[in-house]
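Below, chain A partners chain B and then partners chain C, in two separate complexes.
For the complex of A and B:
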């Protein structure tokens, strides 16, 4: 059954390789960004009451830097989808018809593409980037390892949370993509999606920095599972119990969003008007 | 095989105001105009039939085809493909049908043609054995092996169409929907495509529904035609009957020298209908009643024609005539 999605998995893996130059540019830009954040947080912690060794909202300066570095790597390796733009393009050009007449699910095609991209990105960039990142952070004492076995177990949990994050991210992009059936403003939808995710997933700032009530609500939303939770699992800021809890929440959200996207698609597809006759 | 029951598709089109002011107004209040693209259409198609679905531009042909293959959902009415509604059981019906839209390709633009076929093989889960025999058959009837290794974007229109046709046949569908498969093709490619459709129909007993603007396609391929105009069926029956109804109408268009006034030339007979425009004279006649040879001779001797062109009746003409006859029947 799943074999027929293999070509899409393969194609997206090949696509990733076609954008080598983009990736090089990304690495350079990101190095500057991370450097800026390192200095910014240094200034913040230095001017705080306890100085550089203080803990703000449960994060020490060292942890904060580890968080910034790992979130950046995680985002780069995990989120590589153009789902929204592809759907918008399919609707505008009428190429969506090409998929509707084939015995495959439109959603399944995107899931396959995404897993393909995730696999190849992890193999080619993920493994070296995480190795270097974690190696340096552990080496300079920013990420203390108490027990090697605990660390390995957390890496395992992190991988599960990471795959879930990739799928949830794609489902959200797919839902926003389907909304392109109703409006022609794909650009607006994309900005909305990007802003919501950047703000609520903890990519900009750990959610611990938000007011308590807001933080608790956001904690139960799907966004925290996109970036903050996997990274905090990897950093061992979550114990086993808490890790399992956030993974289950993410899984529940994946199911809910997937069902919602299915309902939305069934409604939207009746609105299809293919251009040209 | 295919049952279409009072199929209707209504498109809602927003009425946009003119100019900037009108644009702002449409932001707040939106009025819609309803367009009945397909209006209460019913027909049955049996297994192995080749049916021409014809009509002028915008008559609703493509919309019907798109509902039959599950891209569009009907506003009301029903399509049954082997007893299943394609827009509800999309993935199940998709295995039974092959679709070619002459206007756009379904092949992957940047990869070599053979790779596109391999992708389709996996999507439709065609076995290695079937794939091999079908590829051999399709290569011979469509002559695609000469450009199998080229990316699709480098193919000519005729090559692309043959490739698209082969792609739609790879999973051996029971029904083939062809929406203008010969559009923009030269005579040789048209010929090849027609031969291929015949071969497929003969070998696999494939049911074919095709739309076209080319009368020759219809004469060569279809035993039955369904004619649609403004979303309604105006004729459904064998091609022979409609030919009989209109006869073998041909139009001889000649260019006359400036010193001849067409209106002063004695008419051939009441069987030849004469009309003129600028230096062109159009002689319309039934080639079964009047010999083409005689009309040509008459054109040269009476009009001193300096150029000539013979055209068969076009689909638009047939549609027009059917509508006129229906009007007359109503009044009578």
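For the complex of A and C:
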């Protein structure tokens, strides 16, 4: 049953390997961006009432730097998603017709590709990047480890949350991809999606900085599970109970979003017109 | 004169072809506004937690942020085609037509696209300047306004010059988009007062990649009268002219390396 999706899994993993140069560029761009954020946060904490060692909205300066570094690595390893562009391309070129007549699910293809990309990214870049990142953060005392066993347990929970984040991200991309049936502005849709996710997932800044009511609402939306929650689990800011809670919320959203995307796809597919063959 | 006429003819055509897809234009402008709104909210939430950022109040930081959008937006309006040159056009070799026409290729690149998305940035930027400016009760002097206008216009020329230089490298390396991206992303450093950065970065932002020169220093001049506005304007104009001349020189040298696909 699942065997027929294996080629997609493999192909996407090989894709990642083929773009090593892009990845190098990403590393350089990101280093400068993270540096800019580190300077900004440093200035923010220096200017705060309690001085550099103050805690703002539950985050100390050190935790904030750790958060910025870890969300960046997490985003890079987990979100390698071309789903929206591929769907747009399939619609524009009419190749979507090829998939509709094949005995595989269009959605399943993307899930397989994403898991493939996640696996290879974790193996090749994730392990070294997390090791270096966590090693340095722990080494300079920005991420205190009280108990090694607790840390290992949190890494386990983090991996679960990470896989869920990857899948939810793909579902959201898929939903936006389906919207390409209705408009030709894939570029606009993509930047809209990227912005919504960056803002509401806590990548721009932790949700703790949001005004209280807004924060609570966003906390129950699917986006927090995309970036903030996995990273806070890894940083051990969440205890076991809270970790389990956010993982369950993410799981529930995954199911809801999958169902929604299925409904939307059924509606959208009626609009498709493929010219010729 | 001929070139000005030619430019407007080309731009008219570019806008007409964009208007064919009205929905798309609306979605891309909306997504643009939304993305700016989110960054502003984020900045606001951060600044709300502290009294001042290195002595700058929320309204002052907002002023910096809004003003930094203007040069970026002006550059965005006129020179979007260079992204395509850097990422795709040279690599695909589809620029033959430009080399056959009796006008400089670099001029055609400017005339090829007019990117109305930039208006979104202009509107948000000006709105922020006005809102923050009113809150700040700044004493507006002619010199300060002068240096801000110079900063916005010639700052855009400086950004465009970097864009030309790094997209011209595509003629040699086939694809220079990622490199251009790295340099261009430094403009995000210009959004905040340079006082928040360590000394080394400050020096880089003034003398090497002068994105601080035309954003941070003019705004400081307006708010605190830190620098002599006319001297500063002269520096900005000088830097812009030197960089633009250098960019045109590099572009004309590099374009000789262009290889057609032959088809």
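Note that in this section the second predicted complex is superposed on the first by the 276 of 277 C-alpha atoms of A that agree within 3 Å, B and C clash if a C-alpha of one lies under 4 Å from a C-alpha of the other, contacts with A are read in each partner's own complex, and residues count from 1 in each chain.
To be clear about the criterion, a contact is a pair of C-beta atoms (placed from the backbone, for glycine too) under 8 Å apart; a residue touches a chain by one contact, two chains touch by 3 or more.
No experiment lies behind these values; they were computed from the predicted model shown.
When the two structures are aligned on the shared chain, A:252 is found in touch with neither chain B nor chain C. Once the two complexes are laid over each other on the shared chain, residue contacts for A:33 go to chain C alone; chain B is not touched.
Set against each other, chain B and chain C differ in how many residues of chain A they touch, and the higher count belongs to C. In the superposed model, A:101 makes contact with chain B only, not with chain C.
In the superposed pair of complexes, A:209 makes contact with chain C only, with no contact to chain B. In the superposed pair of complexes, A:183 makes contact with chain C only, with no contact to chain B.
When the shared chain is aligned, no partner comes close enough to touch A:145: not chain B, not chain C. On chain A, the surface touched by chain B in one complex and the surface touched by chain C in the other have no residue in common. For chain A in complex with chain C, the touching residues are 21-22, 25, 28-29, 32-33, 36, 39-40, 42-44, 46-49, 56-57, 183-185, 187-189, 191-192, 194-196, 198-199, 204-205, 209-211.
Those residues of chain B that touch chain A in the complex are listed here as 11, 58, 61-63, 66, 69-73, 87, 90-92, 94-95, 97, 99, 101, 103-104, 106, 118-119, 122-125, 179. On the chain C side of its complex with chain A, the touching residues are 21, 23-24, 27-28, 30-32, 34-35, 38-39, 41-42, 45-47, 49-55, 178-179, 181-182, 185-186, 188-189, 192, 195-198, 201.
Interface of chain A with chain B (complex): residues 3-4, 6-7, 11, 94-98, 100-105, 269-270, 272-274, 276-277.
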